[in-house]
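In what comes next, chain A is part of two complexes: it sits with chain B in the first one and with chain C in the second one.
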Partner chain A sequence: MKKYEAVVDRFLRYSGLVAFFVLWEAAPRLGWADPQFLPPLSAVLQSIYWLAVDGELYSHLIVSLWRALVGLMLAALVALPLGFILGARCPETARHLDPLFRLLSQVNPFSLAPVFMLCFGIGEISKLMTIALVALWPILFHTITGVRMVDPLLVKTARSLTVTRGVMVSEVLLPGAFPTIISGFRVATQMTVFMLIAAEMLGAAAGLGWLVHNSAMLSQIPRMYAGGAFIILLGIIINQILLKVERESMFWRECPGPVTDEVVRSLSGKTRSLYVAAFACAFAFVLICGSQEVRRVNIQGLHSDKTASHQHNHGGLVGPLRSD
Partner chain B sequence: MRILRKLLTEKTAILAFVLLWEVVTRLGLVNQIFIPPFSKVVAAMWFLIQNGYLVKHTLISLERALGGFLLAAVIAIPLGLLMGGWFRRIQLVLNPLFEIAAQANPFILFHIVILFLGIGELAKVSIIAWICIWPILFNTAAGVRNVDSVLLRAAQSFGLNRRQLFFKVILPASAPAIFTGLRVSAGYSFFLLIAAEMMGSSSGLGWLILYSQENYNIQWIFAGATMIAILGLTMDTILQIIERRTVVWENGATDALR
Partner chain C sequence: MTVQQTETARTIGKEDAKIFAQNIRRVYQIKSKDGGGITEFEAIRKLDLEVRAGEFFTIVGPSGCGKSTFLDMVAGLAKPSSGEVFIDGKLITGPALDRGIVLQGYALFPWRTVRKNVEFGLEVKKIPQKDRNEISQRFIELVGLKNFEDRYPHELSGGMKQRVAIARALAYDPEVLLMDEPFAAVDAQTRETLQEELLRIWEETKKTIIFITHGIDEAVFLSDRVAVMTANPGTIKEVVTINLPRPRHGIRSSAEFGWVRHKIWELLQNEQDGGGRPALPDQDVAAAISTTAAL
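Let's look at the complex of A and B:
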């Protein structure tokens, strides 16, 4: 009986998605929606296929991932130490700074785009800064809150055991605040993916945001939907990974029942080290391949700009109208 | 006088920041073309107030942001209550769809929204509503799901009927989570105003910023951005006050977490 219910649940879990995709395919074909505006799913899949065959998709995907990841890392590099210092060492200062931080967090860096351009140019740095500035605030807020909400009993116990400050941070404060910090990261990723697209409008030569905007400008609607689909996919994957990390990191806090095999297994750490290794590999891959791809794309972009202006000089009126 | 003193002690950081901004730019440590001194931003704001621009655009933006936000709240809170509560099966069906929809980015979405709704007022309000729905929805559903089961069982053993159970136990117990969602959404609605007003508008603060961007009028950009930040902060404060007034039994736990 229980097995039957599990099957039904599994079926239901995917039925919504399947129905959505069927509707997407059917609506334009049956004329319920204008296929010009809403191309059927198959057309979008086809354009994804072409993008993949070209190798264009890989390039856009890795470039966007690299930007998101490096932006997040920059933000974390500032926000985590700052959050720990403010939360643990000087909560009074944190309380005073809170209104200022809240005000600053309301400033959308996209609206200050020209300032970023003037300061950092239209290269990678201005995009990374835009992303990092957005991701900074949620991580900072959540780190401060997380550190402050660590069970005082734990802190006092650790202190009465006369642990050093380093041990206190790494063994008590960090695990205690970790779930909150991770949920901060989740909010930050959401914002990062939002702003990534905005940042790639600031004169990018590649990336998923650029893909969507370029397609929209050229009225290649299926290609635009394909880019949008991949941005959504990117957001979901990052979110799911962080959710998984969040759930894993709570293991010591929630042990409602007696200690079962599962709890012991989750404590044993063997699977965890496997996960960590996998994450590290993926991380390294994105960082290395991404940076190479970004460099390649930027150099190429520079090149094509030059040739475009060249054409413009020699070809008279025809040059700028020609698209390549 | 007391209010002034309270302001001085509570907002010291903001005052210090403004002072630092003014001094750094005046001393020429930062190029004034890139970052104008605060006084010039204030002067630009004053100029915009005097010729009526700022008030006009602020009101229009406020209407759009609030309209979208309220629309989202009206849709998302009942839906979240239903999803978190009785219809577990429906939630199973809808949750993956909502997860996908929540990731749909306003800066992409506006291309698609333009295709279907044009560039009218409806398109702008609906894009803000779309952004605002998801935090409210997810937080409400989570709030209902995480209602303390001891409370529920106690209420049941007192013989409350379903309606009473909902209004006396479930709704109050999930209120803090709902407010968290509302505050996140309110933040988004002003933060992403610029995305909504990129769609062929000719008014609103987001448009004012875009227009100033195109003309490289840095002072106006800062004036517009400051105005949006102030509005967002005000909205957050108002929601916080409402929360404190209505959710009296839960002190501050959700306040810190945002």
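Let's look at the complex of A and C:
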């Protein structure tokens, strides 16, 4: 009986999604929508298939992931040490700087696009800086809050044990602030993905944002939807992973965090180190392969005008072409 | 027969005492609310104290009398505005591993298991992993937490957490154990169990213990000597020697216990009435006991 209920529950939960997909497929076919602007789902899926098969998708995906990751790392490189120093060593300074930080955090890189172009050009650096600047603030704010929220009794205990500053950071402040810092990373990542897509649309030679923009310019509408679908998927996957990390990281909290009302199950130490290893491998893969792909794409980008016109002449729904 | 004795003439010097505090004063600068100048608040004034090696010494006093502040000074975590605290005749200038602290809030590292918590001080002392294991196991067993080594603090009860905190403080082998209202947050029954176990551990390890509480019962049951502190400003009013025989299991119901407890209660009571008033004569104490025995 319970099982039956669970099935019904699951069905109801996904029924909206299923209805949406059915409607998507049906609307253009039944003439409710112009297939030119809303191609049926099957055409989009076919386009995804083609993108995947000829390797173009890999190229765009890895380039976007690389940009997001490097941008985040740049932000973390500045925000984490700064957050620790401000949070632990000089909370007074942090308080005085807060209004300035709040103001700066509202600066949208696109609203100051000319300044950005002036400082960083329009190449890869400019995109990375855009992402880094956006991701910096949530990480910084969360780090300061996290460090300041570490139980003062723990700090007192550690102090009574005459720990060095390094041990204080690595054994007390970092573990204590870690769940909050991860929340900051989750917010930063979300904003990063949004900003990255926009930046790629404005000027890039590859990436998911470019894929969407380029398809739209070339009237390859199913391809455009395919790109859009991947951006959504990417967002969901990254968010889920970080939610999982966030939940895991606060297994020791007495009550489950604000993120979930589920029972927090802690992974065993072995599983956890397995996860960490998998993450590290994925990171390394994106970093190494991404940097190669970005270099390849940027060299190719010199001929991008030619490619674009070529593709435009070709037109068609199955448009994706590789120029190598 | 006198079971209590007021400490007056027999004070020992700074060289002989384990902990020796001299003329401690602690002043806080408080900004007045109406934007005016800064007023001074004297939290501790002219506090003198000596604790002997191996002694179980308790400080009892009303909240806000500065007893925790004083303990922080002994721990080296706070500095007196003037005056000095010595350990073995050496001036205390900062925290060191010769003093271990146990706080009311347990202060266990929630992301570490029981074993890793107990080993924290050993890691700081850079003791190799093999010896760490051995030492932590010994102290985990001493506080009666065998088979709980791999649990996390959130999986333990309040009493068990406090045992872990005690094991952690003992593990790196300090000479003096500083305990700041360690049993205040646990229920009455657990508290009594923990008190008896603390005495057992104290007798086994021969540590000097400075224990802070506002529970008179607890102070009398545990201590060799009890210092009664008064507030505003905080200073030691009297040091009462507890000559009750050890072991003290079941001593709570004895007449002597009640007598000493009442003596301390009265010292604190005078304080709350406004201080300064001399203690009641002995015969009145005897009469008062019958009416306040339930307290």
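Here, the second predicted complex is superposed on the first by the 270 of 324 C-alpha atoms of A that agree within 3 Å, B and C clash if a C-alpha of one lies under 4 Å from a C-alpha of the other, contacts with A are read in each partner's own complex, and residues count from 1 in each chain.
FYI, a contact is a pair of C-beta atoms (placed from the backbone, for glycine too) under 8 Å apart; a residue touches a chain by one contact, two chains touch by 3 or more.
Computed from a prediction, not measured in an experiment: that's the story for all the values here.
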Chain B and chain C placed together on chain A: clash or fit? fit
(request) Give one of first, second, both or neither to describe whether A:L112 is in contact with chain B, with chain C, with both, or with none. (result) first
Quick check on the superposed pair: does A:W50 touch chain B, chain C, both, or neither? Answer first, second, both or neither. neither
Per residue count on chain A, the busier partner among chain B and chain C is B
Geometry row: CA centre of chain A as apex, chain B and chain C as ends, angle in degrees (steps of 10) is 80
Next on the checklist: If we overlay the two complexes on their shared chain A, which of chain B and chain C does A:V193 touch? Say first, second, both or neither.
Outcome noted: first
Q: State whether A:T157 touches chain B only (first), chain C only (second), both chains, or neither.
A: second
Should A:Y275 be classified as contacting the first partner (chain B), the second (chain C), both, or neither? neither
### Message
In the overlaid three-chain picture, which partner chain does A:F120 touch, first (chain B) or second (chain C), both, or neither?
### Response
neither
Once superposed, chain B sits from chain C at a minimum Cα distance (Å) of 12
Residues on chain A touched by both chain B and chain C none
Chain A partner, complex, touching residues on chain C are 75-77, 94-97, 99-101, 103, 105-107, 109-111, 120-121, 123-124, 152-154, 172
Seen from chain B, its contact residues with chain A in the complex are 10-14, 17, 31, 33-35, 89, 92-97, 99-100, 103-108, 111-112, 115-116, 184, 187, 190-195, 206, 209, 213, 216, 218, 221-222, 224-225, 228-230, 232-233, 236, 256-258
Interface with chain C, chain A side, in the complex: residues 151, 153-154, 156-163, 167, 171-172, 175-176, 251-254, 266
The answer for chain A against chain B in the complex is residues 9, 12-17, 20, 37-38, 96-100, 102-108, 110-115, 118-119, 141-142, 145, 148-149, 180, 187, 190, 193-194, 197-198, 201, 209, 212-213, 216, 221, 224-225, 227-228, 231-232, 235-236, 239
